[in-house]
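Some structures are shown below for you to check.
You will see two complexes here that share subunit A, one where it goes with subunit B and one where it goes with subunit C.
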Partner chain A sequence: MANKRNTFLLIWILTAIGCLFVFLKYASPKIFQVLMAKDHPMPTPSTLMMWYMIMGVLAGLVYATTSNQKFADFLSFLLPGSGHVIQSFLRNMLFVAFPVLVGWFVYTWSIPGAASPVELRIQHPTLPQDFEKLENPFRQKDDQAQRKSIEEGKILFQTYCRPCHGSKADGNGPFANSFRLRPINFQDPGTIATVVDNYLFWRIKEGGPGLPSEATPWDSAMPSWKDDLKDDEIWMIIMGEYDTAGVMPRQREKQE
Partner chain B sequence: MNNVKILLMVTKKSAFVWLFILSFVLPLTLSQKIFASEAPAQVAQEAAVSGVELPQFEGGQVSGSSQSSEGQPATDVGTTTAVAAEEEEIVPVQYRTFFGIDSRLVVWIVSELHLMFAAFVLGVPIFAVIVEIVGFKGGDIKYDKMAKEFTKLLSAAFATTASLGGLLAFCLFGLYPEFMGHMTNVFAPTMYVYALLFFGEAFTLYGYYYSWDILKGTAAKKWFHISLGVMLNLFGTGLMFITNSWATYMMSPAGIVPATGKVLSMYQAVYNLLWMPVNIHRLIANVCFGGFVVGAYAAVKFLGAKTEEERAHYDWMGYVGNFIGVGALIPLPFAGYWLGREVYSASPVMGNIMMGGAFSWTFIIQAILIGMLFIGVNYYLWLGMGRIKGSERYTRFIKYLIFVIFLCFAVWLTPHNLPLSGEERAMIGEQYHPFSKYFGVMAAKNAVVNLIILATFFSFLIYRRSNKGEMVPFSEQGKAGKIGIFSALIFCLLMLVSYAVSLNFVELDANIKVFVNPLIRALYIQAFAVCLAAFLTFKNKGKLGQTLLFAVTAGIAVLYFWYYGFQVMQKANLVLRYLSVTQVAIVMSCLIMNAIIDVFMFRKAKLVGGIVWGKMPVRSQYTLLLLCIVIVILMGLMGFIRSGLRMDWHIYGVLQDTSPWAYTPTLSYMGRVVGLIVVLFLGLVTFVFWLANLGEKKEEAKPKGYNYEVSGDDYGNAH
Partner chain C sequence: MIKALKKGLICFGLIGIGSCFLWICGEVSAQSSLLFRTYKHEVPQKLQETPEAVAEGKKVYEKRCWYCHGIEGKGDGPASKTMFPKPRNFTRNEYKVRSTVFGSVPTDEDLFRIITSGIEGTAMPFWNTISEKERWQAIHYIKTFNEQFKKDATPQVVSVISIASTPESVNRGQELFKETKCYECHGEDGRGNGPLTVALQTEWNMPYRARDLTKSWNFKGGNTIEDIYRTISTGFNETPMGSYLEKLSDEDRWHVVHYVKSLAKDIASDVVVKVKLWEGDQLPSDASDESWSKATAVEIPLAGQIIATPRQWAPSIDAIMVKALYNKNEIAFLLEWDDATNKQEEVFRDAVSLQFPTKIPESLKKPYFAMGDSGGAVNLWSWKAYWNEGFGAVVEAPENESGSVSEMNAKGFKNVTIQPPESQNVAGRGIYQNGRWKVVLKRTLVTEDTKGDMQFEIGKLIPIAFAVWDGSNSDVGGLKSVSSWYYISLEKQVPKTVFVYVLIAIIMGGSVEMWFIARLRRFPPKVEEE
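Right after this comes the complex of A and B.
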């Protein structure tokens, strides 16, 4: 028979899974609130919660079955007849708790309620082919000309883009709070730093209304600027925007 | 009589199988009919709206609406006379349908099935020959027997691969005549070479299998037989390289005038930008695929084994299959990253579609599947420790490995863009949740995949050591040990230092080039760590050397590059490609050096106990089956992604797909088709393996003459 410590393997695993739940549900939102200096907690999204919990359960099951001895220990906890008082108490608790937990899940999933649907979002909607071959004319110029276009672009950025995207291109413009989905923080390395210049050109020129059908449900409040800005002005805004955000556009690599 | 019973049984079972297949096919066919009726109008509308002049291949394209469903020009039936029909000009046909079923679906299924069988037929000979050489050099007959058993499966699968290849060619030429006209125009000479190589493949494969028993007895005969196997691999690899040139040309066309389709250089068309990355990726993936399919075959045999000897044999075979699968799986992410990077080089837009656009969610599915593969192979190794006396000393590490691997898996599958409800978005209050912000980008993914690889390698090391006891000091290992360690050291130093030196000469703007300097320093630090590990091994402190090398590698390639990857992404994304290669070089040097140290450190070590082959829990065999199913799904998924990235182009930027099936399928539709392909492949491969074993059922009832209570040396020979 297994030793005393091992006979509680099931309880240890359940405790670990419980700790993971508490961390994701309660600790992590507070930790991120402090780390990111927010005035509100950053709740773990339900999708991630589900994925991480599934993985936690899977990890527990993998550990419990890595040897026949562990597997026997894991199951033995559920068998009657082992004389330990604490073990009997925990086993009875488990037999009561498990159906209650299942019932609670069924209840919470089946009660009527109103919630907006969870949307599968795509980071970069497909760039139409006619924008792919475009080149930013200012990137080809000498340093002095580039610097000039950046400075002019910054002025244009502050004029047209600042209200939403903020003076530092960090997504904190004066209007930012009025959007359901806040304007993008361009300083984030996962945003404009991952795309080429012409991707921005397309997004500025066509805006949300110009998104292709396959881009849905990529909802964007970005206006279309094609009637208000000339192409050169848009390219200059792009130059100024990258400089303001302190990031570089993805550059075409030389084909080896 | 028995055969009649078998046939009756197969007939009964096949009815259920057909019902199962139909349940997949019918919804697909129906949905296609619905889509087909809407699609032409949609295509025409989109073309009208876009109004964009794109480079077009002038191959006599005719709009879809002017053709009947069978691709024939529309005619006024009431006024057509026999004379008019004779005088009617023949209009080139662009597309046909396959008995009313959508052509793309047919080509998708047939080509993927062909690819899967081809992967098996190309992957298995590589390790069949290696296993044969190992058996021959080590004088162990069971390796030879196993290599022959692999080859028996090959010969049966080869005919199916060829049949599917023929069907695919007919489908392509029949259903997409204009597209195939273009391909033939560019690649016709390579098609003849392909046919010649195919003859070579067929002759060497059957020669290799049928001469197995004839060509043994003397060393000269055996080497001749092995050389046949090598030839078989060369022909197979040549075949794959040619077909890869066709497939990659469709993604990154070269050597032609895009506007007219005129061929300027067939060499450039073959050696297009994505050709070599796909060649290398597929070569490794085929070995991985073959290993896991063989592992599943052994698992089925193990589960049906009647005797201890049979169980021992198939347990050992499953172990070897899994070992080969893992061996190929470890470098696969590196090759995959190279391919992905070159997709970005070929077209940044295609790259964005792949990783951040329409195909980004398929990569989350890929992440789940790859995570399952790594967890599966580790789990199998941990379970395998149960059959080794002495493994108890190392099982304490398992819980830490589980923690590390699952933690990495969690980061690996966290998407940059989470599916969020409106309420969650409002509560988070910004674009990204911190989990997705820091875990969802490539810097994090690269870091954790390297940690998973290191953890898997560590699992393998503790498995390997389970049977080893007291070591002979390295100083007493003789010349072989010193030469081995020294060779590995030189190889690693050449790899690290030469790359560090080459980084000094990369052509970048000065403000970006400063971001390369930390990479150079990291490579030199790793080179020093490798030297230190070798030095400590010479001083009989090999374990300390290994530990230091692991620590330095994890510190640089995982922790530091996770952080530095973010910096580079922001400020100098051109440096990302150098960062990735540096990361790979550092991890590879750790794997190579530590593996060689381990081999020589534990050479001549006292054995704690034998490996009891066959003493494996049943769940280990189901793990092997799971690994096979996962790799088949993964191959189906990646095939879809590679092909789908062209969006509505047959040949990207050159020849547009104007058929009604040019739309990008939804994830749901893709899932059903890939699911159907997986079921069909597994069903076919089971049938083919059953056929291969039909004639030898009685003979194989009881394999004789093996002692599976093998020593550590026997085990060592497997590697």
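Right after this comes the complex of A and C.
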């Protein structure tokens, strides 16, 4: 095929773009369902799909313009050619399809539809200054006192935090499914393992209402515990929480 | 010439990309709701029961289990006070999910399955996150709490061979459900509202709650037909759920299984409740109205209110179904939820509340989802079941009494005000039928109280949140089930002008195409030889 003129180049490129669309829309959700062992399909996120489609269209155009020869072939499909039956049929199809497609785009764009809500939020807002200087009193203590605080903290954690954050601190408590902003999974290395004790102290004491507005405090179900728990109890919960989740805070004041 | 054509082509490309954008923007994303786990059946090779394994198991138990099950296995751990159902007491033979005959202890494999899968609708998590070895060790230790494990011979296991469901089998199952009096606890429609379950209590004055068989996510020990068959055959020790191994033939038990399975539904949730335009003068004001079948149903999961004291750690209502319709004047909501009892008392009454911000938010910012805050007020539509008896009387709300509605504003838990009488414009009617409350709330789209009332607008995303009280669970005030913020959207009708736009677009598309082709024909691309 090297030097043979490909008069169907336009059709091939359009077909490839069509295939890409079908793959992203229908095949990929099924493939990821199997790969990730889920019991439901995993639809391609719409923005990701949009970028893949843009890249697909651009790649097609880039390919068509790699040489003047190819580009001439690409366009020549639209010219009244040798009268090949399939070619003229496809050409006519294309002539009809283009305005229809434009009309369809305008239609889908202008009919009213319930837009999905945009709910962007910062998950790790900056620690307020008032909390920066605080020290966890139990981290300094000797082994035995530390272990005691961990054990007491675990009891408090299991009593007050478990219903949402779960017995295993994995964010899977009995109430977890009922809050749209899911309780944090503390076992996840991207959560409490990346912050210091003080950060947790701030989060437990002030809760959702204490968040800055970029972290959407109105959606957070994290209670503010300042009226119900003493500071020492909060520090103990933090000790117990790290132990339950099996992770360490970012800064360790003292090695065991 | 080629250059000019290339330019034209790039234009085409840009148009294509632009339309891709528009098309994506128009897409509505729906949330699937497969939130719940399944009961895992496969069990690996058992670890030998040795003194070392028991000693290791003690360590596992005292690291992970005792907080709920207690240091002596009595189900009285420090965390158990915030739980209902209570954690298993290992010193008694109250094991529920077993493959063994009624009254006997479970097999080690049964314990392994439960520890691995957890129990849905309870605080028991799934422990497949710890090693199999640790799980076996914990089992060997747990068995030391109850002597019956040693004394009893190997318990008799009930075998399970699945039989496929047929419509006849489901029908026969329904008959047997009546004949064997399953409804006395599970209720006529299977909502766990039978007269016995309401009356019976354990020896520690705890209620027995028969399962709501319509909620597939709350079946203890799994909701596959094999799991249901096992439960019906073996029963739950120390509960009114007995074994039907001898009372019903194998075939009959399968009929009942298929009937029970036919009742069970998954939770069909979404973030946006779409409110359809209702063609007609009157919106339905009665829950039994046929028109509701036209509305889209969305199920909203609920959690206990744990934001502020008093906290509801053990809510009895875990989901509410919502439907809504609007016409040019009014909007109506139908709210339905399962409640095992219709017991009303002066203070503790069944109730439901809708929450809106006082105005549609312009930005991301909303009032706090739990009763608003000082920066954002909320509008509450609150319905309460009827009660008008003497002090202390507990009665059922009669069907002909619709209950009372009040409209309130709140800026936080401690700052709730009832709107003045002239501003009370929500009408409501609730009815309790077969273990389910059905409440209709209705209001005009706009009101005169523009400060305190939500003014509905078509096509906008309007935040909404829900709260439900169960009087028989001692719910009152802050003791309730709540949801996060969701949205409603009053659907726009397709305006006629859309078709004009489409026509113009097609004509324009066609013209551009013809111009392009004409140009192409006039100056056909020539390959310049190099």
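The rule is simple: the second predicted complex is superposed on the first by the 132 of 256 C-alpha atoms of A that agree within 3 Å, B and C clash if a C-alpha of one lies under 4 Å from a C-alpha of the other, contacts with A are read in each partner's own complex, and residues count from 1 in each chain.
Here, a residue touches a chain if its C-beta (ideal position, glycine included) is under 8 Å from a C-beta of that chain, and two chains touch if they have at least 3 such contacts.
These numbers were taken from a predicted model, which means no experiment stands behind them.
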| item | value |
| --- | --- |
| Contacts of A:Ser46 with subunit B and subunit C, given as first, second, both or neither | both |
| First (subunit B), second (subunit C), both or neither touched by A:Ala193 | first |
| Partner chain(s) touched by A:Asn68 [first = subunit B, second = subunit C, both, neither] | both |
| First, second, both or neither for A:Pro128, with subunit B first and subunit C second | first |
| Partner chain in contact with A:Gly166 - subunit B first, subunit C second, else both or neither | second |
| Subunit B versus subunit C as contact partner of A:Met248, first or second or both or neither | first |
| Set intersection of subunit A contacts, subunit C complex versus subunit B complex | 40, 46-47, 58, 65, 68, 71, 115-120, 180-181 |
| For the subunit C and subunit A complex, residues of the former touching the latter | 2, 5-6, 9-10, 13, 16-17, 19-29, 32, 34-36, 64, 67-68, 77-79, 81-82, 121-123, 125-127, 129, 271-272, 274, 301-304, 306-309, 313, 318, 364-370, 373, 376, 459, 461, 483-487, 489, 491-495, 498, 501-503, 505-510, 513, 517, 520-521, 524-528 |
| For the subunit A and subunit C complex, residues of the former touching the latter | 39-40, 46-47, 49-50, 53-54, 57-58, 61, 64-65, 68-69, 71-72, 75-76, 78-80, 95, 98-120, 154-155, 158-160, 162-164, 166-168, 170, 172-175, 177-181, 207-209, 213, 216-219, 221, 223, 227-228 |
| Residues of subunit B that touch subunit A when the two form their complex | 50, 52, 54, 273, 344-349, 352-353, 356-358, 360-361, 375, 379, 382-383, 385-386, 395, 398-399, 402-403, 406, 409-410, 413-414, 416-437, 440-441, 512, 566, 569-574, 577, 617, 619, 647, 653, 664 |
| Residues of subunit A touching subunit B in the complex | 32, 35-36, 38, 40, 42-48, 51-52, 55-56, 58-59, 62-63, 65-68, 71, 115-130, 132, 171, 180-182, 184-185, 187-191, 193-196, 199, 214, 246-256 |
